[in-house]
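First, the structure itself, so that you have it in front of you.
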Amino acid sequence: MKMVVAVLRHTELQRVQEALLALGIQGMTVSEVKGFGRQGGYTELYRAAEYAVRFLPKVKVEVAVPDGRLQEVLQAIQGSARTGQVGDGKIFVYDLLQVIRIRTAEKGEEAL
Amino acid sequence: MKMVVAVLRHTELQRVQEALLALGIQGMTVSEVKGFGRQGGYTELYRAAEYAVRFLPKVKVEVAVPDGRLQEVLQAIQGSARTGQVGDGKIFVYDLLQVIRIRTAEKGEEAL
Amino acid sequence: MKMVVAVLRHTELQRVQEALLALGIQGMTVSEVKGFGRQGGYTELYRAAEYAVRFLPKVKVEVAVPDGRLQEVLQAIQGSARTGQVGDGKIFVYDLLQVIRIRTAEKGEEAL
Amino acid sequence: MRSATVLASVLLLASRAWASEDLSAGDTAWMLASTALVMLMGPGLALFYGGMVRRKNVLATLMHTFVILCVVSVVWVLWGYTLAFGPDRWGLIGSLRWLGLKGVGQGPSGYAPTVPHLVFMAFQGMFAVITPALVTGAFAERMRFSAVVLFAALWATVVYSPVAHWLWGGGWLSNLGALDFAGGTVVHINSAVAALMAALVVGRRRGFPKEPMPPHNLPMTVLGAGLLWFGWFGFNAGSALASGGLATLAFVNTNTAAASAALGWALAERLQRGKPTALGLVSGAVAGLVAITPAAGFVSPLASVPIGAVAGLLCYLAVGLKHRLGYDDSLDVLGIHGVGGLWGALATGLFARLTLNPAGADGLLMGNPSLLLRQALASGAVVLYSALATWAVLKAVGLVVGLRVSEEHEVVGLDLSQHGESGYHF
Amino acid sequence: MRSATVLASVLLLASRAWASEDLSAGDTAWMLASTALVMLMGPGLALFYGGMVRRKNVLATLMHTFVILCVVSVVWVLWGYTLAFGPDRWGLIGSLRWLGLKGVGQGPSGYAPTVPHLVFMAFQGMFAVITPALVTGAFAERMRFSAVVLFAALWATVVYSPVAHWLWGGGWLSNLGALDFAGGTVVHINSAVAALMAALVVGRRRGFPKEPMPPHNLPMTVLGAGLLWFGWFGFNAGSALASGGLATLAFVNTNTAAASAALGWALAERLQRGKPTALGLVSGAVAGLVAITPAAGFVSPLASVPIGAVAGLLCYLAVGLKHRLGYDDSLDVLGIHGVGGLWGALATGLFARLTLNPAGADGLLMGNPSLLLRQALASGAVVLYSALATWAVLKAVGLVVGLRVSEEHEVVGLDLSQHGESGYHF
Amino acid sequence: MRSATVLASVLLLASRAWASEDLSAGDTAWMLASTALVMLMGPGLALFYGGMVRRKNVLATLMHTFVILCVVSVVWVLWGYTLAFGPDRWGLIGSLRWLGLKGVGQGPSGYAPTVPHLVFMAFQGMFAVITPALVTGAFAERMRFSAVVLFAALWATVVYSPVAHWLWGGGWLSNLGALDFAGGTVVHINSAVAALMAALVVGRRRGFPKEPMPPHNLPMTVLGAGLLWFGWFGFNAGSALASGGLATLAFVNTNTAAASAALGWALAERLQRGKPTALGLVSGAVAGLVAITPAAGFVSPLASVPIGAVAGLLCYLAVGLKHRLGYDDSLDVLGIHGVGGLWGALATGLFARLTLNPAGADGLLMGNPSLLLRQALASGAVVLYSALATWAVLKAVGLVVGLRVSEEHEVVGLDLSQHGESGYHF
């Protein structure tokens, strides 16, 4: 099994989620993160103080998938998260040694 | 070494932590996430707008463990996080290439 | 490619970021976490209730790096995040099977 | 001789008492307090709206109301007050005689003979502030800041001042016999029609209505509603322009209608969707406050119960319309202030009783249908004028500074893109 | 002849002055302001409580107070006021003569001869609102919304109105000579006993006392305390029912006791646990406000210092009891309002001075032990009645709609499960 | 004979009217309301400051103002009031005749002949509270709690009370003819100079100025500013010490200057950096409120526009200084209250008009340069005294309890390390 971790713009989360649902993916875990990259930030002004905001809010999506479905999942995410502007984000793929569903103690692909 | 990542209900975090302490586990890292899965969500109503809340608040626990302790850790988490209701969450296991303790520069299992 | 994940004190984040920029690292992803470890916590008091706060706020930094740059990145983080007090945090290293830049569909080290 | 001296001193006393009766310390105390209370409705409205938008736009939304408090306060002192309340010209507008508050001083005025002219001016100024501030709910989360500033200055001058003059400054609608105790028509119908025009001219938010846009901080909205309710006591009971029985009547009606309307809205939610909500409860309270506004000094406390309850119900039904009709009146100014205000204007025509307020009239339930007609007419006139004039103001603003931020800035959020700030660093 | 005319006009003047003395604009201004201030204690309390619960229950907690403001406002106008203040029946309850505010108008009343009857009614109505709202702190985070609504309506009718009548409406406790300037017994002891009953009948929160349940937003609680302090000036100084020296005395005592009690609590924390806390400081302030409530118009500012300081100390000690005794009075209504209110009632019996207020009495320190006895007796009577009647109300509510949400809903949180909303989308 | 009786009763009436004119219900109503409003500036300031600090210090920052409200309220009743306003000794200080409020009662005082002495005392007490509370902005995020408590008690005694006496208690500066309507010199210049001393003595925050320290919750700051603006109506218009024309003038000037200054600051930001900010808008409003404070009862509403606008501009420029000069006045007390207060003191010397207030004077623009001189002299005297006396107070506090928390505690945050609490559990 693989863990697909994508860092996205907030605005694209809904489309990504729909693309994954369309593939029959049944679960995912999402968290708030801040990203630093090529995308230019903003300058924040507080009275006399100026701060360059280099960390922009992004959303991180984690989806565990069976090996056989990795490619279509990657394509679905990349297709639906893309706006073409700098800052669209990245997808990272990890190997997953084991998955357990806590409720049933099912293991491996059955647990997804 | 392995990284054990569990997505749990907030209400079970304390029991999980106690179960791990009981095993002698000395550290963990926790974060807030939102989960989407088989567990049914709620409908939120704001004036005339209705939204299906498909993402439910969950808590993510990350514990790095020596290879030899993986099984007991998995069992401890699974045992203490289980309520039997849909939405209990999942445990994911990754391989860890390296761990460094920043304070001492200790490496590997010593750093845990 | 490797994913370097460091759990740090908030106060050291800026120095770590500068150290990585100095190495020419162009991107990273940051999130808020709570850490439990050897570092002593605080006691919170709310009227008659006392709670031991064992989870302390930490910050998690994720940096994907080409294999060849792993060592210098580890050193940069360890050097800049260290205060020498208990609670400085840990660095975890994972193997990364794949990285994709969503905007361009570039893959692998090119995507970093 | 002694008697003469006594008499003289009695007369002296009499003249003093007379003079101090001209300007009443008690009435002035209440008008000062009321003016402060209405000012607090500004921050109250800012929070009410600010909690309902998405996190990335919270500061911009707060600033809308705050900057209008600033802009219109100055405009009012300079020229707004004289346009609205200066000596009447042809029933349409005030003359410029009181430009820059010339002649508006510490002595009384014809509008309120027992309090300083300046406090009447300040009290009315707070109404001129809150009315365009209400409009901002329609174009929240996408309007340029400079457009808001310009809009407020123009709209207060071209729309608010004339309409206030028509009903309160001796203009044609008051001569017609229409009643508006504290601004159901002048403030609420007026701002709601302007809001609809703004929603149409400015256009929908990106993503509306598909993308979920839940309120980012409802406790903030509840606090805002609480401050609005509190401030509304000044708004309505202060509109008696004196302390005393009439102010008290308006005060009691205000509280009763707000309470009834909140329950009405919550009940409707409960019946239709199974759950009363916090946003519904406070929205209902505001709807009731709106509806009782024109009626507050003309109806009995018992009449405030149905006036409020119906307001809660009607406004609950009305806020659904925008999804069906497709305009994006983001924070429901039309649904709450328009529908509530119109119902209140008509309810005044139904429930008013001359015995409660000799400056009022009898309504339909007391056997006098003509008042209802006059209320409808006044509302209609304001709807028409406000729609046209607001349209013109928006077009002018659009030409000068542009109404809307760029799509990229809308996505990032107004706080960061327009103001270089984030609401929260948590 | 000329002299006769002068005399006539002097007499005319006299009669006018007389008439305007009947209804005082200044007194009415202060009572209107006070009523508004007490209303603001509603939102203040909502925030005070709302900040102390867990995030998932913030809206439900805010709604408790808000919906009670709505429900009791209507109940009061319809039947609550006449039950509490209508012409006395057997020293126990008011008659129904003023049902639906019949005969309660813009003229003065026997209760407060210089202000409109309606403002006395409204002022008292705000007390009827805040008292059951205080109770909600006991059953926070687990009560059904419909149960809260029904509880409030019944409790205001069956518990609050009679008790208010006994002490303030010409009932048996006032005839007995017990003093309660602004509600130490009627409001605080009464609500605290009801709170204890509610905590016992409804049962503990899931996880209490093992699971940590820290306040989710203490700045919200601090803001709430600030608004409570501010509103309490209306509560206590308004209870003089007129502007002037007595109102001023109550005002000064209120501020002094709140300050002293906050310091008392913080000092106790510092001594016992090393750290004064923000929650302690504001809880202490509220404890002091509670304690001075019955005494505010009867004691000197210097006496307010020990009254406050002891209140802070006692209530600090009292909030620990629930953990030892095992009941879950979630937000410490008993510990603060019960202990503070009882101490205040007795302190009135200690520190009262007839020279400060001719309508009062001398206390023990002035050599009169009988007042202390009467204070204890009145408190005891209210404790007894409130306990029994509240128990009956809770049982009735339980039968009709059920008191508690399901365990699953409690775990998810009331906001989502009962109201379909989340407090924050951050 | 009949005539005699009539006369007698007329005389009786006269004497009654006389008596009731001595103590005016209306004036007292306004002074009670004003005192409550100034008290609310405490929570307002707490939120204004609390939103600007980092999340880890929010409770500590809120507590600074809250505990000062408590400490100084008690100090004022015990000895502060008599030092500031007790019968004059050598033009420098009040005697101890009114220690513990002895002789300060429900009757009028020489300071304000139509309201109870006690309300004058309470009103002035709120000024004594807010002044040291303003200072806390300078040492936010690093001061020990016990040091804040001790500092407040000492500073109120040693710095505030004498300075208040000099200008308002019959001391040498008022004899000199310097004007300070509501505290530009006594409150704002005084606190700002103390703030600068505190910033210098306590030292910079760890990380200042390199590390970004953005405000953690700007909506909280905006709410605080809204409450400050609202409360300032009591501060300035209450300083007329009576209801009426003068209070109204001060009220209108307050609102106009706040609005103008907010626009001035926002415009300056827009011109210099392209973006007006929410923090800038509300900071500007506060700057305008500060600047109009000494002038509010002496100048015309039209003059308030430039007074405000210039204040906004000047303070915007001033807050930048600290980065250049290197001292860490964390929340810009000097930049806003110092610069705004000084400008206001001088502006009074420019714009004052005797015709508006016979107790005032003519300023430079009316052809009288001497007032300006007297204003500068009074400001200078206060700057000097406040700097020296504050320095001494800080040294004393440092010796007794230590000023600063340990570096480790500063890093963790004051909430957890000093108070054992977290502001938010989200």
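We just call them A, B, C, D, E and F in the order they show up, numbering each chain from 1.
Following the convention adopted for this analysis, contacts are C-beta pairs under 8 Å (C-beta built on N, C-alpha and C of every residue); 3 or more make two chains touch, one makes a residue touch a chain.
Quick caveat, the model's predicted, so the values are computed rather than measured.
Common neighbours of subunit A and subunit F, listed by label, are C, D. Hopping across touching chains, the smallest step count from subunit B to subunit E is 1. The contact pattern of A-F recurs in B-D, the pair among B-D, A-D or B-E where over half of the contact pairs coincide by residue number.
Between the Cα centres of subunit B and subunit C there is a gap of 18 Å. Rounded to a whole number, the gap between the C-alpha centres of subunit C and subunit E is 52 angstrom.
Chain centres here are Cα averages; for subunit D and subunit E they lie 32 Å apart. In subunit B, 31-32, 44-46, 94-95 are the positions where the chain touches two or more neighbouring chains simultaneously. In subunit D, the residues that touch at least two other chains are 3, 7, 10, 17, 24-27, 29-30, 33, 214-215, 217, 223, 243, 273, 275, 277, 279, 419-422, 424, 426. Chain pairs that touch, as defined above: A-B, A-C, A-D, A-F, B-C, B-D, B-E, C-E, C-F, D-E, D-F, E-F. Every residue of subunit D that touches subunit E in the complex is listed here, in rising order: 3, 7, 10-11, 14, 17-18, 21, 24-27, 29-30, 33, 37, 54-55, 114, 214-219, 222-223, 226-227, 229-230, 233-234, 237, 242-249, 251-252, 255-256, 258-260, 262-263, 266, 273, 275-279, 281-282, 285, 300-302, 305, 356, 424, 426. On the subunit A side of its complex with subunit C, the touching residues are 2, 6-8, 31-38, 54-55, 58, 60, 74, 77-78, 81-95. Those residues of subunit B lying in contact with subunit D across their complex are 44-51. Subunit D makes touch with subunit A in their complex at residues 207, 211, 411-412, 416-417, 419-422. Subunit A meets subunit D in the complex at residues 11, 14, 42-46, 53.
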